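Only one structure is covered here, and it is reproduced in the block below.
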């Protein structure tokens, strides 16, 4: 199988998982309310959750392509590792709904933990995908810039720690945990668009 | 990342968002009614909403390709702007359901406003995408016809105003607002198919 | 826009509409029953409806490619006609659910009519797409075999009549109408796989 | 139609069916519980079912590409056989939900049988697709290694028996049947990633 076929399949899962997030918003506003305007205002965590998870999945889609651009060939182990990653990506709509429904209630801690653990697992699979391809240059193109490879390795290593940390904050304050998820997404967007936007991907 | 990869991902989100609109119709006709014929007739706003939103998303898909045909390269800022645009497109099924359920009830004003604000935000992101690529010719192909570029800039600038205007009409009459959304879609279809159909895209 | 881009978008809508049909089956078997085996047996119309609509959408996907293989270029009117066709394809899961839920009850006539009208509209849009491309050879490749073009025109012309006829039978007997939809799908599968399978597409 | 077009459509159905599995998890945790943490813990069969079905569909996607890599051309019968296969793949989310909801209750036997029959039918269609292409080398590339072809034929032949066997175990013990589905998936993953990972696909 060529890297291009894997990219097509992965693009499909990323796009569907992101688009299915709208079902979270759909579920947050019932059709029976007597004051739709108040219902819509009250559902604001669903909109924030939708935006945070959509952009998180979107940034991960960009990162996945950054990796695939460096990959020259794929083997079955690499495909299986990617399936694990996509399994986590497709799972994101579920904790997003939990956050939207419970962040203001008794289940806030559980919801924030579920969100954090899902994204920690996603980041761990991203590391599996990357280091399986990169260690010893196993699947990478021969002409990859070693500094680019080292830079990605450095960034990926801290990803699981960041999401695990933000998740564990939920034991102290689920709201702080939710704000950290928002901040992480805003940071990734700014880091891409303000600081890194004019550079070549990977520089 | 090549423009082609962005197009594949964007095509996926456009196609999924349009196809998920059927869940709006599904939700408008319950399975418990004693007279299915009457239930189906009563649900007519869901069919109109389905058609209007499907064709709106479809015309936006055509417009997105018109832009991408002029784009020679993408950078990370352009990708992030496109993610924002796709986040709005994927949101459209939600206000479509609100319109279908509430346009004949007390929530009509809120529903029409939600629809208008969603499409205004979508049009604003379309402008962000376009002007980021076009200003100073930053990402455009060197051989773009300047009159084509100027024509798109002129058309895009008024898009947010049209949808914001149609949305604000809801304070006076939600029905008038809904009719305006219908008229805007019909206009875009006619403008493409009757007047512009035989010309080269962008002329 | 190249024909290839339209095919990618259309493939997406065909694939998503077909895959969403499983929600019909999901809705037909509640989670609260005391005897799951009996519930699963009782839901047999949902399985038949799933199979008939999945294969109908699949055969239409094959036919759409047969048309696109003959098309050399697309214009905006052709794109709009295709959007109308895809709008009908994405609608199919809705009348499929109606059939699955109501074919054994008081709403059988309405459900069978809804199914027939949806597929009649789909067939009409297929004609619009085809004859817009084919009349005067407007969008076709120069080397198309005139007998192939005439053969498709002949076949497509009777499509709407077949589905309209099967739909109108519902006034006499919704069950007969449902059996006709099943028979039409079986005929298309047999016609493709038994009689036409070894020939070149279009012969 | 070229093999590439079939692959694009098939990739779409595989990706959508896998991503829709999250609706199973969504359905397993209601929004009304008083103790979200306990609800999330209680829903563990939904997570296992999600993972097993996601990886099963993923491995089948890899296998489908292994077949398509050997295929030089497609005819209409091959397309129809593939539609049958995809119809089964898109059905998998339904018995997955049944397993998640009923494996601990009175419906466990029916749920395990439904899962087993769905995967048996999927494996039978895989055989139909493969042997239609392979017998007499009908659709295969001329340069296929006969040992590779014989190896796939041997592996595919036992697939339906394995899933039928695991399903029939449900008459004795639905739990044993569920554990067998898990074991089969783990075996396919290990067989791909540990034993076969470094080899060329098909060796």
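The first chain written gets the first letter, and so on, giving A, B, C and D; residue counts start at 1 in each chain.
We take it that a contact is a pair of C-beta atoms (placed from the backbone, for glycine too) under 8 Å apart; a residue touches a chain by one contact, two chains touch by 3 or more.
Since we're looking at a predicted model, the values are computed, not measured.
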If a chain touches subunit A and subunit D alike, it appears here: none
Centroid comparison with subunit B (C-alpha atoms), farthest chain: D
Interface residue identity across copies subunit B, subunit C - same or different by half: different
Geometric centre distance via CA averages, subunit C-subunit A, whole Å: 37
CA centroid of subunit A to CA centroid of subunit B, Å: 26
Touching two or more other chains - residue numbers and ranges from subunit B: 8, 12, 16, 20, 23
Chain contact graph, described as a line, ring, star, complete graph or other shape: ring
Complex interface listing, subunit D residues touching subunit C: 1, 5, 8-9, 12-13, 16-17, 20, 23, 27, 75-81, 83-84, 86-87, 90-91, 93-94, 97-98, 101-102, 106-107, 109-111, 114
In the complex, subunit D residues that touch subunit A: 7-8, 11-12, 14-16, 18-23, 25-26, 29, 31, 33-37, 40, 50-51, 54-55, 58-59, 61-62, 65-66, 69, 189, 192-194, 196-199, 201
